[in-house]
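You will see two complexes here that share chain A, one where it goes with chain B and one where it goes with chain C.
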Partner chain A sequence: MNRFHQIVEFVNDLDKRWVFLVVGLAVVTSTIFRLTFPEIPTPMVRSVYEKVESLPEGSRVILPFDYDPASEPELQPMANAFVRLCAERNLKMYFIALWPLGQNMVAGVIDDILQTEYPHLEYGRDYMDFGYKSGNEGVVAVILTDIKKLYTTDAHGTAIDSIPMMAGVRNIRGFDLILTVSAGYPGLKEWIQYAGTPGNIPVAGGCTAVQAPLLYPYYPDQLVGLMGGIKAAAEFEALVAEAYPKFQEDKDRFLTALVRMGPQTVTHLAIIFFIVLGNITFQILRRKRQQEALKR
Partner chain B sequence: MKRALWIIITGIIVAVLVVRTASGNMESPFAGIEGFGTWFAALLTLAIMSFLYDDNPLYRFAEHLFVGVSAAYWMVMGFWSTLVPNLLGKLWPSLTAQLFMPGLADTTHDPLWFMYFIPMAFGVLLLLRLFPKGGHLSRWALAFILGTTAGLRLIAFLTADFMGQIRSTLKSVAGLTPAVLPGGSPSFSFETMFWDLVAVIAIMAALCYFYFSKEHKGSFGAFSRIGIWVLMITFGAGFGYTVMGRIALLVGRIEFLLRDWLAVI
Partner chain C sequence: MKRTIPLAITAIVGAVLVIAYFIPHPPFDGLREDFSIFFDIMATFAFILGGGNLIKMHGNRISRREEGWFFSLVTIVGFLLVLLVGLTKFGNPDGFRGSSVTASGSYFDHVYEYIFRPCGATMFALLAFYVASASFRAFRARNAEASILLLVAFIILLGRTFVGALLTSWLPDSLRFLTIPYLAEKIMVVLNFAGNRAIMIGIALGIVSTSLKVIIGIDRSYLGSD
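For the complex of A and B:
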């Protein structure tokens, strides 16, 4: 066996833990050096942005946060960007969660963004939190006809009827947009199936990258726009930062997805390298085995 | 030799952490609940990641802790967000407001309040699975859940997925893109029409691949081979997105370790 084939055999038998190590180092180094790359928004992401921007002041937007800390690194940047854009546009935000831990994600956004960056916005007048309810798509189906059937109080135990922004709201049919952040079931798909399509309410939102291919068929007729994973979140942040330059001042705070796309790109290059390398070695070894079989 | 190497590496890491903490460059685990929480979360993250090297007791501890905490949290949330307001609050509103929910303004009985005894009974029936005798009674509740869910999902599927998708495809094949902005009218483009025709042909080809009542030969065979390509491209896109999702999670954890724990960025 010549030296070339020895190297090929070595690469072919490489322990997968070396691949993990290279991927880990790629993420760590690019995170330390804060590499960022420019993002060009795709039409689907631009549609979400344009839809929110087009809503008149005071429009009602329901924000289902159907995710938990397990998908927080991927979805939190887009959730933050949604809330910031809604706050900038003075839209009325109704938070809701179909995931038990979604309620905590809502609480985090209210604490970190609305109360910190927009102290002039008032709970109950500009935004409110329905909290979590079990029942998955059943919850969506019920609130399409009658919110108070399920929600007698908000997430803090305050009676729904005493919340000013609930005055005149019987169900979500009159809402101007459903803007979801979804990590799986129940999530964006259920909001399209049980509220968007039957209630003729525009639905837009973001989801984990894994979910995105399953939701593409709904765009553009049943889904105004779709943001799949951290890449789309970075594109959305780029659009928001372009329209509201104050968000360009602190990248770590306002453009987290854009910052996280640096390690993402470097790691993808490393993975592509390994895929190409693996295929080349596989082909070389296959050819070698075929030649050896012919000789015999 | 290998064991000694690991002890040396671990010793160096611990020494670096102690020096950095002592010099105030990173948060101490004894600096209140927040410092302890950060250290605990960081060590649990490392314990989970250690599985990439090999299975080990630290990984199993972190995994079991996660499962236990999740189950307990789910149960508590279910009790306070569903059982209390939606069952107890409907059956005994005054008592519920007094004991659990001071914010419950409406303490009058719903006209059909007694109907809530039915879900309560079904809930009790479900719990009978835990007992050796009478476990079969839980099937009544399960049958109700299955029937209701199937009915609910069937209608939604027919409306949103079946009819909705056919309508959307026909619109798209006609080259029409719905307006994003309110008051706008659908726009027409040949590009939309072309790509949607490609999508329709791709779906038909993929379906042909799974049609086994006819031999895959001749033009039908060629068309079904296009279906294989469609499937491969779809799996490739799915794989790419999955990689992106998983790397995003890794970046999030690494950011936490480097910024919140080690304070190096």
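For the complex of A and C:
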């Protein structure tokens, strides 16, 4: 075997630690050099944005946060962007969680965004948190007809009847939008099947990139728009920042998805590089084996 | 009796829920709501069963000193610790009668904020490394099917980045259908839509047939073998 084929063999069977090293370097360098790329919003992301923008002030939006820290790096930017846009539009926000740790995610956006950036918004008047309830799609099915049968208090133990923004609200049929952030089951699909479609309530939302292809079939009839992964979140942030220029001032705070797209783009390129490399070496070795077989 | 009662419950509840979907009027609509609430209550009890099962399974592994028993010990200690700080509301600024178990500053909040959250994010971040390694080994053009898969993966990967648009931005408008973002979108919106819808319809038909068998009592596998 000549030197060239030895190198090809080595690359073809490259130890996975070399791959890890290259991916690690791709992430670290792009983070250090703060690489960002412009994002062109796709129609599905634009639909979500336009739906929220089209709601009149005071519209009721239910925000199910069905994810946990495992998918937080991918989903938190879009959750933040949803909340900021709803706050800017003065929409009434009703947070809810079908995942046990979704409640912590809600608490995070209330602390970090609503109470910090929008101190004029008042809990109970402009936003409220139903908290977590077990029962998955069962919870959705019940609140479609009667919220108070399942929720007598909010996440903080306050009686639902004493919360001003619950006055006149019996169920979620009268809500203007279901805007979910979902990482799996129960999530966006269950909100479409058990609330959106039977209750004729518009549903839009975001999910992890791997989940998105399974949800595309609901678009555009049962799903107003869909945002898959950090890329869609970056596109959404670009739309929000264009309409509300104050968000362009501090990228690290307001445009986190756009910032995170830098390392993701470079890592994607590293993966593409490895796929191309693997195929070149594979084809060279296959041709060599075929030639050797012919000689025999 | 042990089998008849569960079979009767399944048949009645299943039939009522199906009827209520097509006839959403009294008494069926009320029954549907009640059954949904029963389900939510039972789901809460499932947590207790789940906790008991977790302790039993991992307890057995520890007592038998099975391979990896130490990890079982970590699981049980972690479970009991979080349960304890959650139930007792240790460190809650408002005390035991304080409003929320997740109140900022409580021990439960610290466990979540400083242990669970970073660990979860770390596990998620590791995916990138394994995806890269798996892509390098798996995406090889071994035959025609693998070549098509490779080509599609390539277009989608490039289409998900700014580079995809950059690479084919020089193409004139008349050749827009050859640009990578356009191709990536069409693969997702046309091919993926069609394939996934077909799969979903197939699954739905399967669920309908299985559910009918369960309601009628033909399929009794959910009752166990006793």
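Here is the rule we use: the second predicted complex is superposed on the first by the 296 of 296 C-alpha atoms of A that agree within 3 Å, B and C clash if a C-alpha of one lies under 4 Å from a C-alpha of the other, contacts with A are read in each partner's own complex, and residues count from 1 in each chain.
By our rule, contacts are C-beta pairs under 8 Å (C-beta built on N, C-alpha and C of every residue); 3 or more make two chains touch, one makes a residue touch a chain.
Keep in mind that this is a model prediction, so the values were computed, not measured.
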* Asked: Between chain B (first) and chain C (second), which does A:27 come into contact with in this model arrangement: first, second, both, or neither?
  -> both
* Asked: Does the superposition put A:197 against chain B (first), chain C (second), both, or neither?
  -> first
* **First, second, both or neither for A:42, with chain B first and chain C second** => second
* Asked: Thinking of the overlay built on chain A, is A:279 touched by chain B (first), by chain C (second), by both, or by neither?
  -> second
* Asked: Just chain B (first), just chain C (second), both, or neither: which does A:14 touch?
  -> second
* Which partner does A:133 contact after superposing on A: first (chain B), second (chain C), both, neither? -> both
* To do: Figure out whether A:157 sits in contact with chain B (first) or chain C (second), or with both, or with neither.
  => both
* Look at A:289 in the shared chain and tell me whether it touches chain B only, chain C only, both, or neither; answer first, second, both or neither. => neither
* What is the contact status of A:220 with respect to chain B (first) and chain C (second): first, second, both, or neither? -> first
* Structure fact -> In chain A, both chain B and chain C touch residues 20, 23-24, 27, 70-74, 101, 103, 133-135, 138, 141, 150, 156-157, 209, 213, 217, 231, 264, 267-268, 271
* Going by the contact rule at the top, pick out the chain A residues touching chain C in the complex. => 14, 16, 19-20, 22-24, 27, 37-40, 42, 68-74, 101, 103-104, 107, 111, 133-136, 138-139, 141-142, 145-146, 149-150, 155-157, 209, 213-214, 216-217, 231, 261, 264-265, 267-272, 274-275, 277-279, 282-283
* Which part of chain A faces chain B closely enough to touch in the complex? -> 17, 20, 23-24, 27-28, 31-32, 34, 47, 50-51, 54-55, 70-74, 100-101, 103, 131-135, 137-138, 141, 150, 152-154, 156-159, 161-162, 192-194, 196-198, 208-210, 212-213, 217-218, 220-222, 224-225, 228-231, 260, 263-264, 267-268, 271
* **chain C residues touching chain A - in the complex, by the definition given at the top** => 29, 32-33, 36-37, 39-40, 43-44, 46-47, 99-100, 102, 104, 112, 116-117, 119-121, 123-125, 128-129, 131-133, 135-137, 139-142, 150, 153-154, 157-158, 160-163, 165, 181, 185, 188-189, 192-193, 196-197, 200
* Show which residues of chain B lie in contact with chain A when the two form their complex. => 52-53, 73-74, 77-78, 81-82, 85-86, 89, 101-106, 152-153, 156-157, 159-161, 164-165, 167-168, 171-172, 177-178, 180-182, 234, 237-238, 241-245, 247-255, 258, 264-265
